[in-house]
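Letters A, B, C and D name the chains as they come in the text, with residue numbers starting at 1 for each one.
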Amino acid sequence: MLRIAVLGAGRIGKIHAANVAADRRLKLVVVADPNEAAAAELASSLACDFSLDCGAAVDREDVDAVIIGTPTDTHIDLTLRAVRLGKPVLCEKPIDLDIDRALAAVEEIERLQGKVMLAFNRRFDPDAMALKKAIRDGEVGDVRQVVITSRDPGLAPREYLRHSGGIFRDMTIHDFDTARWLLGEDPVEVMAMGNRLVDPGLEEIPDFDSVMVLLRTASGKQCHINNSRQAAYGFDQRVEVFGSKGMVLNENHRPSSLRRWTSGATEARDPLLNFFLERHADSYRVELNAFIDTLQSGTAMPATPRDGIRALHIANCALEAAQSGRTVRI
Amino acid sequence: MLRIAVLGAGRIGKIHAANVAADRRLKLVVVADPNEAAAAELASSLACDFSLDCGAAVDREDVDAVIIGTPTDTHIDLTLRAVRLGKPVLCEKPIDLDIDRALAAVEEIERLQGKVMLAFNRRFDPDAMALKKAIRDGEVGDVRQVVITSRDPGLAPREYLRHSGGIFRDMTIHDFDTARWLLGEDPVEVMAMGNRLVDPGLEEIPDFDSVMVLLRTASGKQCHINNSRQAAYGFDQRVEVFGSKGMVLNENHRPSSLRRWTSGATEARDPLLNFFLERHADSYRVELNAFIDTLQSGTAMPATPRDGIRALHIANCALEAAQSGRTVRI
Amino acid sequence: MLRIAVLGAGRIGKIHAANVAADRRLKLVVVADPNEAAAAELASSLACDFSLDCGAAVDREDVDAVIIGTPTDTHIDLTLRAVRLGKPVLCEKPIDLDIDRALAAVEEIERLQGKVMLAFNRRFDPDAMALKKAIRDGEVGDVRQVVITSRDPGLAPREYLRHSGGIFRDMTIHDFDTARWLLGEDPVEVMAMGNRLVDPGLEEIPDFDSVMVLLRTASGKQCHINNSRQAAYGFDQRVEVFGSKGMVLNENHRPSSLRRWTSGATEARDPLLNFFLERHADSYRVELNAFIDTLQSGTAMPATPRDGIRALHIANCALEAAQSGRTVRI
Amino acid sequence: MLRIAVLGAGRIGKIHAANVAADRRLKLVVVADPNEAAAAELASSLACDFSLDCGAAVDREDVDAVIIGTPTDTHIDLTLRAVRLGKPVLCEKPIDLDIDRALAAVEEIERLQGKVMLAFNRRFDPDAMALKKAIRDGEVGDVRQVVITSRDPGLAPREYLRHSGGIFRDMTIHDFDTARWLLGEDPVEVMAMGNRLVDPGLEEIPDFDSVMVLLRTASGKQCHINNSRQAAYGFDQRVEVFGSKGMVLNENHRPSSLRRWTSGATEARDPLLNFFLERHADSYRVELNAFIDTLQSGTAMPATPRDGIRALHIANCALEAAQSGRTVRI
């Protein structure tokens, strides 16, 4: 039984801790967070220890592996601390907002042969895996165009946005990883438009709330991504993969399959699942499973810190492209 | 060029007249209706003669074929008048509400080798034809169960209902014909329930507004029909054919393919097409086409007065079943 | 923490045991089954005791509540044994195939004020609950017609069918319970057709493989149920509720939301989830939850042995209706 | 009754001629095409004159208005010939592939106050009109992002492509017009990627077969267009309009609404309508209607030669952007 420390008792930490606690192959030993109330409450509900010191939790002798869901600027230190102790890590993305710091850390991890999986949970969404499988099975032939739509249900608080690193590094970065993963090649070129159509006041950060991006790989495959910080109808996540033999696409998810027929509108369906915690709940479970399976089988991590670097680099290039109005080589 | 008289300038007569006028193989010679205003207006809009005397219109030397859309109790006389002159007839259903009169007329038509097509227009609906084709092509294998849903958008006026012959002979009769046509066999047994869930006042007619029927053929194929005189969401017409190899079903139709995503409900679609004139507009054109093609090719009529007798007989048996609560042999 | 014994280590017992083991409010103490290999394997995978004696497992002092997933003919004895010890029971349906024995048992349970929930798991399916909620919220107005389609992916082995009690008591019984639950009234009348369209050899049992049923309540609400033991396209479970204000219906479920567009067919979707264990997996979890919540809140059981009696009685009446060809008063 | 000459007896000319012949307000006087066989056959089937001389057909005294469906390089001369005679023109797009020639012609038309409608038929597609109406009715609030997918079923013959003016001017130009029309503003900036993913041999023309475009208007509205010359699953035409209050999108069209459930794939639907003649058949009728209504009401043409110039200019800028890899100001 693998003994786990979960660092961070916030939104994501809670999900990881609950999934660990429900998994018979794992034992949740401790949750750590400087916020005592949050740490204590989570530990109490899941019957484990709590700690205010994340580093100390990493060090505990009865901890075999670490899951990191703390603020971004602590990811590198905590990851390296675990790696140096030979403990595997499942670390939330991004590894860091500063690409030079991130690159140095990744090189250190690779030098130490650390077992670190970066938590690109959307790769583990059952629909995303079905898309990937369809590509692998040759259902669409050679991939030619990928179209990714990703819109949030509402603008995050100004304070969150101020420290988010900007829409490309905070939101589009998921889509950059999805694009790399589904295209099966790294993009070499990016074009981007950023506008403030939801809240012109974002200029003071400065940040955009509506972006459109084009990517191209070395072999000429094309990808479009569109993002909005606010979709009136909810959290909209759609991916379409078009190739020489056909197309596969996924639909949004709803609480039930009900269809309603009334005098106003016919075949109205349930509103979308609220946000990523609801829409992607499965993906966190599957991701944890993939992490453990990988540890047990000794195979390569399905998403590495280097994947994180690559997505972050595309995000930086996209920002430069949007600001300059020029195509940027990646 | 076939010269046509259209008898009846009401709802159905107008459709037939317009379709005749738009068909380059046909010449609309005259529309006839005792209602002078209706006849004159329709004739004027389509640039043809009008007459107040339906019989005289049948007799005209410059009329080669007759389309009958007059009240039900005139169908037999007008059809026989045309048949005796050797003129082909496309006659609206039912041939008559009295099955004995209808049977005598059909025997007379058959004796005279009259070319009479009964206007079961729903057989000519493109979706219905696609269902039939799927069955013929073996897509569902052996048909086992047919489920027909047919609901009107709103209760017809009391006066109409009083003379309609009752829901089984007026509304379900379409579904009885569809059932016979899709099952490929005649039902030999019927069970039925009739209730007044929309308007209890229909008891004074007496009539039902909500019915459910079961049919069974000699080889054991089963069919369910449900009807309601009032569906809040509009004119609901669905057919499902289930067989040994699979199932085919059709959807309701809408003015456009738009899907709407708003904060209230997601993927709401356009309201349904209002009623049979809109939903089945194509079927009247295809039906007219089938009538002319049949005349030109000399093949058997795709829907005969005898088909009308059979559907009417099932309707009568269903009414008996609903009133007695007993299974009725057809 | 409620300590649970699960009786039966077969298909259903395994699901209940796994759900108990995963629930933090419960402790799985023992699984019991005369089949030693099955009991031992299940106990080992879930880290609990096993027993070959179901009765002894009920009696254990460290068992607070009992879940019964054993063969039907043991349900009454095991349920009463637990009830007499004051232990709550979640018992698989049916309570018994013999309605007189079942009725006597229910009266005994009621006399002893036993806490027994009958496992009509489909009431706890999220889609079914959404349908029920839509009715309660008045979305469809007064319910007028309910249409239930329930088709199995393939014919069960002859040996299973021989002891199943017949299609009405084994398969349609789920739909009878759903009908009662959604109609909000007990049916008072049943008409039924049974045929052998999948396998004529079922005559030797004798049993049917294809049935159509009509139900009517005292206030005149109508319900249609159709069943087939074999649907080429998989496990087909659909319910449609039609009322004065509109209609709600649920869709079948699939492993992913993918839509495929290829040269052959467009918008093809994933095959349906295989069978009830996959399609209704959620319902077993929600059902267990409802059982525990009810015990903790002291409210009335959401599905009682008497509900089981009523569904069984309708099934018996339906069989009589199908055999006699007559409408049967329930 | 308006007397019409249809110039061109090819694919498009045939459609226009048939629609004119079927319209009771119009009289088809003559069809003209240097290809005698084509002209004679079309004239014979629609019972009108034919001519080998398009100019002479324009000049005929019994011709009130002209519909031009001849090769692109004749559009300007024939249009101006009709305009100088005071005859209204419905001219196929593009007005010319050379933007300077086109601009000179449009200025001449405007100086002469010619009544010329450019045949952007897709604006008259019922789905496109429903999208536009939804925007006008405020259903999506302020438009923020438009996503247009437009893929042909198969690569056109090399000879056609060689004279097409390139994918942006031949294919994307429809989408540029749609974008302008739905955005309600002219784009001021374009980014584009062009690749040869279907047929690398197109380099010799040179032309692209797969393109992705971004457009931005002065107020910051964004639009994405993707095109492919070959979609294995058929002619794919989808438009999505996303705004502050929601989203509307249209679906592809099929011959029937049938859904098929078989053991292979469930809910497979009919293949898409083959190509633009089938998919947009309605739009040609509605377009002709709009042309006549405009003539009769004296209102402004719903699509003008200047609209054609603007779409052509965007296409030229997109080509420059794709070739240079730079953002181009429009």
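Rule of thumb we're sticking to: a contact is a pair of C-beta atoms (placed from the backbone, for glycine too) under 8 Å apart; a residue touches a chain by one contact, two chains touch by 3 or more.
None of these values were measured; they are calculated from a predicted model.
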Relative to chain C, chain with the most remote C-alpha centre: D
Looking at A-B and A-C, which one has the bigger number of contacting C-beta pairs? A-C
Just give me the whole-number Å value for how far the CA centre of chain A lies from that of chain C. 40
Interchain centroid distance [CA atoms averaged], chain A/chain B, Å: 58
Quick check on chain D: which residues sit in contact with 2+ other chains? 232-233, 236, 245-247, 252, 260-263, 270
Touching residues (chain side chain C, partner chain B) in the complex: 141-142, 144-145, 147, 149, 151, 189, 191, 193, 195-198, 210-212, 214, 216, 220-224, 226, 228, 230-233, 236, 242, 244-247, 325-327
Touching chain B in the complex: which residues of chain D? 21-22, 24, 47, 126-127, 129-131, 134, 139, 245-253, 255-263, 270
Where on chain B does chain A make contact in their complex? 232-234, 236, 252, 254, 260-272
